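Going in written order, the chains are labelled A, B, C and D, and every chain counts its residues from 1.
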Amino acid sequence: MQNIIDQFNIYVDLAIEAQELIRGTADREVEGVVEDVKELENIKINTITITNQMASQTMGKPVGTYVTIESPPLKINDPYVKEEIIQAMGESMNKLTTGRLQAGDTVLLVGLGNWRATADSLGPKFIQYSPITRHYHQYAPQALVEGMRPTCGIAPGVLGITGLETFEVVKGIVNNINPAMLVVVDALAAQNVNRIGSTIQMSNTGIQPGAGVGNARHSLTEEDLGIPVIAIGCPTIVSAAIIADQAIRKFCLKTGAMYDEVKSMATIKDILSFYGGGLGVTPKEIDEIIENSARIIAMGVATSLFPGISQEQLELYAV
Amino acid sequence: MQNIIDQFNIYVDLAIEAQELIRGTADREVEGVVEDVKELENIKINTITITNQMASQTMGKPVGTYVTIESPPLKINDPYVKEEIIQAMGESMNKLTTGRLQAGDTVLLVGLGNWRATADSLGPKFIQYSPITRHYHQYAPQALVEGMRPTCGIAPGVLGITGLETFEVVKGIVNNINPAMLVVVDALAAQNVNRIGSTIQMSNTGIQPGAGVGNARHSLTEEDLGIPVIAIGCPTIVSAAIIADQAIRKFCLKTGAMYDEVKSMATIKDILSFYGGGLGVTPKEIDEIIENSARIIAMGVATSLFPGISQEQLELYAV
Amino acid sequence: MQNIIDQFNIYVDLAIEAQELIRGTADREVEGVVEDVKELENIKINTITITNQMASQTMGKPVGTYVTIESPPLKINDPYVKEEIIQAMGESMNKLTTGRLQAGDTVLLVGLGNWRATADSLGPKFIQYSPITRHYHQYAPQALVEGMRPTCGIAPGVLGITGLETFEVVKGIVNNINPAMLVVVDALAAQNVNRIGSTIQMSNTGIQPGAGVGNARHSLTEEDLGIPVIAIGCPTIVSAAIIADQAIRKFCLKTGAMYDEVKSMATIKDILSFYGGGLGVTPKEIDEIIENSARIIAMGVATSLFPGISQEQLELYAV
Amino acid sequence: MQNIIDQFNIYVDLAIEAQELIRGTADREVEGVVEDVKELENIKINTITITNQMASQTMGKPVGTYVTIESPPLKINDPYVKEEIIQAMGESMNKLTTGRLQAGDTVLLVGLGNWRATADSLGPKFIQYSPITRHYHQYAPQALVEGMRPTCGIAPGVLGITGLETFEVVKGIVNNINPAMLVVVDALAAQNVNRIGSTIQMSNTGIQPGAGVGNARHSLTEEDLGIPVIAIGCPTIVSAAIIADQAIRKFCLKTGAMYDEVKSMATIKDILSFYGGGLGVTPKEIDEIIENSARIIAMGVATSLFPGISQEQLELYAV
C-alpha cells in the first residue's frame, strides 16, 4: 500500500492508521512507539507516543504524542456521546499542554482548509464555533467572565484561493501578537471510510507539510513558529485510489487471486483518469458530519482553555 | 455490473451509460434505440432515441429522446467551450420542445437537490442563475424586453430537509399557475469519473423515481403532471461502489484473474461498511464544477426560452 | 403618522404598535379591543384580542388574538431569557391552537422571506432550525420518538426571486398534503428600533397582504387556505421614513416648533430620494439577532407541537 | 453636522463629502485642496488632491489624491455603465500607482469587513472576484499568461470575530511576503443615501483608523506598512443618526423653524435609543449592490494590475 500512497501523493494523517499500516506489513509492535488504550462508555481513547527518531522514521510522523478519540460511527450527533467526546478532548488537551500553557496566556486558534469546499471546511467552522475573547481584554474587559484567557482565531484559507502559504499568514500573526500556543484544526484524509465522522486526532506535534485534505505544503510546527502547536483533526474523506486498491486487495484475499501492486496501480490510474489523486470519497451526510465535528472540537478545546466556565457561557463568546 | 447497481441502489442516470452497459454485456446495438452522433469543434453531441417499450425495458429508461453533450473534461470553464455548449444546449432545447411550447407560454423551472450539499446543489444553483420574469408580466411589464415569456422557478429542497416529496410541491405549483412546460435540473450520478464536469444530458422524458444524486423517490413526468417535462442533468458524483467494482474488474482483466461478481460485492460491502451506497466519489474541484455547470445550463436553457435576447441582457433577470 | 405610513407603503405589522398609534392620536382605549398584560421575571407578555369588525377596521388588523412577547433589548442570546421566551411561546402556541389541533395532526411550517437578504431571512432560518418529521412517518417510523406528530417545512422564497406568489406555492402544498394547521414565520417591520431583537408577535390571524419586511402581496389566511394559520414574526427593521418622521416630530416637541405633516413628508422624500420606502434601518448586530430569534422561535413552536420531548432531542430532527 | 458626526462616532469616509460638508459651512473653496471634474458618457470622475497639512486638517483626511467615480444611482448593473466604470477605475489606478509599481511586482489585495454582515462584505467579496496568481508563479508558471504579475489576497475578518486587529494580520503578511503594494477594499459609510451603489472612491492614502462600515480601529498606511497603499471603497450604508439629523435640518429649512443642534442630537439619541450609532440605513437591494460593486471593483483593479489581458481571461484566475 505504501506505493499506492506515494504514487497518488496520499499522506497518512492519522498516527493510528500509520501504525496499522506498519503492523500490517511487519506484523509486530514498532520499537519506540508506546500505545495506551482506554475504553469509556461510548468512546475509546488511544494514545500513541512516538519516543525517538527511529520510530518517527518508521511511522512517517514526528516524535510526539497522538491522542485518538474513536466514537461509534455516525454517533457524533448523539447528545450523550457528544458530551463524552467533549470531556475526553478537554482532558486530552490538558495533558498535551501541561507545563506549556499558563492561566492568562494568549492562544491563537487556526482553522485550516477551504470554507467553500464542504469536506475541507472543518477548520474554518471550528473558528466560527470557538469562543474568541482577546478583543474584550483590550476594549471591554467587563464583558469577560473572571479568569478567561485571551483567544483569537483565523481561517487563513488555502493557497489556491489566497495565493498565500498558510505559514506566511500564521507566522506573521504569531510575530505580531506573540501567543503562548497555537491550536490548529484541519480536515484529514483517512484510509478507512468508517473513520469519517467517528475519529478525532489530537497531537502536540503541529502540522507537517503534505498533511490534510487540502494537501497543502504548509508546515506549522514548534520548530518553525517557536511556540507549542496542538494539532487537531477529523477524517472527512478517503482517497478514491485507496478505496480502489483496498477493493482489489480484499478481492484477491477472498478469491485467492494473486495481488500485484504494479498492476493495481495501473488499474487505479485507468479508472481515476485525469482526476488522479484528486478524487475523494465522502458520505452523503458530510455537511452534517462537518458541522457536528466542528462544534464538538470547538467545545472540547474551549473546555480546556477556559476551565470552570460552562459550555452555555462559552457559546456566547463564539460569533 | 447490473447486480452491483441493484445491490447498492444505484440508478443509471445517463442514457449514454445505460447503452454502454448493455453493449458491454450484449456486444450489440439495442433494437428500438436510434443513436446519432455529431462532432463540433470542442464538443460532441450524442442523441439517443428510445422508440418503443421493449427498448425502454432493455435500457431501463422511458421512451423518449436523450441528448448528451460531451466536452473535454475540466474544460467547462473555458470561455470558447462554454459558448459552444450554450449554443448546443439552446438548439437541443429547441428540438426537444418543438410543437410543445409557443411564444408567450409560461415555463416553470425546477431545481432539484439539496443546496447545502455541494455535489447535490446543481439544481438550486440553476434556478439562481436563470432569468425569472413572470412577476414583471404582472407588476412591471415595462421592465421586460419585448417578447420575453413568463418564467418562474423553484428549488423545492429534498425530502430529508423539508419532509415534503418533490412531487407534492411541484404538482401544487403546476395546478396553481398552469405552466405550459417544466424544465427540471438535477445533479446526476455517473459510472465514470471522466463524466463529472464534462457531460450534460437533456431529455424530454421528465424525471423518473430513483434518479439523481439525492436518490429521492420523486417522479416528475408528463404522465403525472399533464405538461411536457424537459429534464436536464450533469453527473457530479460516481458511487464509490462502482469505482471499487471497476477496480476489481480491470485488475482481473490486467492480471488474468477470474472476476467473481458475488465476491466483488462482498468485498465492496466490507470496505464501504455501514455507509454502503451512500459514499460518493467527487473531485476536489466539485464546487467550481457545479458553479460553472449551473451557469452554463441556465444560459443554455434561457437561450432557447428567450430567443433573440443577448446573454448579457438575460443575466439582468437572474437574481 | 398614518399619512407617512400610507405614503411610503409601510404596513404596521405589530398589533401592539397599531394600538399605540391609535392611542396616540385618540388618547383612548379602542372599543372591541381587549388587552391583557403579564409580567414574568425577564419578559412581558401582552395579549391583544380584536373582538369585532369595527375594532378590526380601527386597528387595521383582522379579528383575532395577538400575543406579543417582549424581552429586554439585545438580551435575546442570554440563556435564561432565551429559556423563558421559549416557554412563553410554547404556552401561547397552546392557547392559540386549542381545539384546532389534535395529537398526530400534520403541521406545515412556512418560512417567508428572502434567505439572501439578512434582515428578511428569519423565515427561512426558522425552517432550518425546526424539527421536520413527516418523512420519518412514512419511511423510518422507528427513528421517531413515540407520539411525535408529522411536521414538514418550506421556505418558498420571494416573488422577485421565484416569480411565484407565496400563496401559489403554499396553496398547492396544502392541497396536496392536507395539513391540519399552518405555522408561518416572517420578519416584520417595526415603528421603533427598540423592538428589533426584543419582540415576538404570535397570532391566530394568518398573514395579511402587505405585511412583512419583503412587503409582498401574499395572503395566507384560514379564509383562503381552509385551515388555521398561526403567524409568528419578529421586527428586524424600521423604515428609514419612519425614523426621519419621528426625528422631526420629537424635535418639534423639544423645541416647540410646529410639526407639519405635509412638509415632513416632502422632507423625507427629498432625503430618501429614489430609494424611497425601500430604505430600512437595521442594527449592526442584525445577523446575530436573526440567528438567535430563528432558533428561539423554532424551539418555542416545537415545544408546543411536540409536548414532552426535550429540546435536545428536538434539535436532532432539525437539519 | 460635525457635532452629530462626532457624537455618534461617524467617520466621513468620502473625501467628496468631507469637502461638501466644509463648503456647506464655510461656503468657500478649501485652500490647499485641488479639484478636477471630468464627465464621461454615463459617469463623472472627480479628483480631489489634498496638497498640504493644513488642508488635511481642514478636510479631516490625509494628504493625497482621492478619485471619486460617480454613476447614476442603481445603474451599477447596466452592462454599458459597468464597462465605463471598469475602464475609469483602471485608468485611475494607473495614475495613482504611477512610479510606485513595476511590471512583475507582487501586489497584496486586502478585503476588509465582515463576510457575514451583508453591508460590510464588500471587501471579502472583492477578494473572491479578483484574479489571484502568486501561487502559479511558484508551482505552475505554465498556467499563467505571459507577463502576469503575482497577486495574492486576504480577507482578514473583523476584530469582533477574530480577536485580531486587521493591522496585526496584514503587517505580518507584508513582512513575510514583501509585496510592492497593497490594494485595500472596504465598505464605506456615506452622508447621502444616493451614494449607495453609485459611488466608488479610490485614493493613494491608505486606510485611516475609524474609517469604514465596521468602524474598526485599524490603520493601513504607507507610513505603518512601508509600501504604497491604494484604498478603494463604496458607500453601502448611511448612519441612521445622519438621516434623522438631515430630516430635522431640511424640515427647519422648509418650515422656517430654527434648527438647534443640541436638541437635534438629544432627539436622535431618544429615537435610536440603546442601538445609538450602530444603526445603519441600507436599501433593500443591498445584496445585489454589494455583489455588483465587488465584481466591478475587482475588474477595475485587475485591468490596471494586468494590462493587456482580457476580462474573460482574468476571471479564470478568480476562484
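Note that in this section a contact is a pair of C-beta atoms (placed from the backbone, for glycine too) under 8 Å apart; a residue touches a chain by one contact, two chains touch by 3 or more.
Everything numeric here is computed off the predicted structure, so don't read it as measured data.
Undergrad: In terms of CA centroid distance, which chain is the most far removed from chain A?
TA: Farthest chain from chain A, going by C-alpha centroids: C.
Undergrad: Which of the two pairs, B-D or A-D, is linked by more C-beta contacts?
TA: A-D
Undergrad: Quick one: compare the interface residues of chain A with those of chain C and tell me same or different, with half as the dividing line.
TA: same
Undergrad: When the centre of a chain is set as the mean of its C-alpha atoms, what distance in Å lies between chain C and chain D?
TA: 36
Undergrad: Centroid from C-alpha atoms only, then distance chain B to chain D, rounded to Å. What do you get?
TA: Comparing mean C-alpha positions, chain D is 43 Å from chain B.
Undergrad: What whole-Å value do you get for the distance between chain A and chain D if each is reduced to the mean of its CA atoms?
TA: 39
Undergrad: Can you list every residue of chain B that touches 2 or more other chains, as numbers and ranges?
TA: In chain B, the residues touching two or more other chains are 319.
Undergrad: Please give the residue numbers of chain D that touch chain B in the complex, ascending.
TA: Chain D reaches chain B through residues 77, 79, 288, 312-313, 316, 319.
Undergrad: If we count contacts the way the header does, which residues on chain C are in touch with chain B in the complex?
TA: Interface residues on chain C, with respect to chain B: 127, 132-135, 150-154, 156-157, 159-164, 168-169, 171-177, 319.
Undergrad: For the complex, which residues does chain B have touching chain A?
TA: Checking each residue of chain B against chain A gives 73-74, 116-118, 193-194, 196, 240, 243-248, 250-252, 254-255, 257-258, 260, 263-264, 266-268, 270-275, 278-287.
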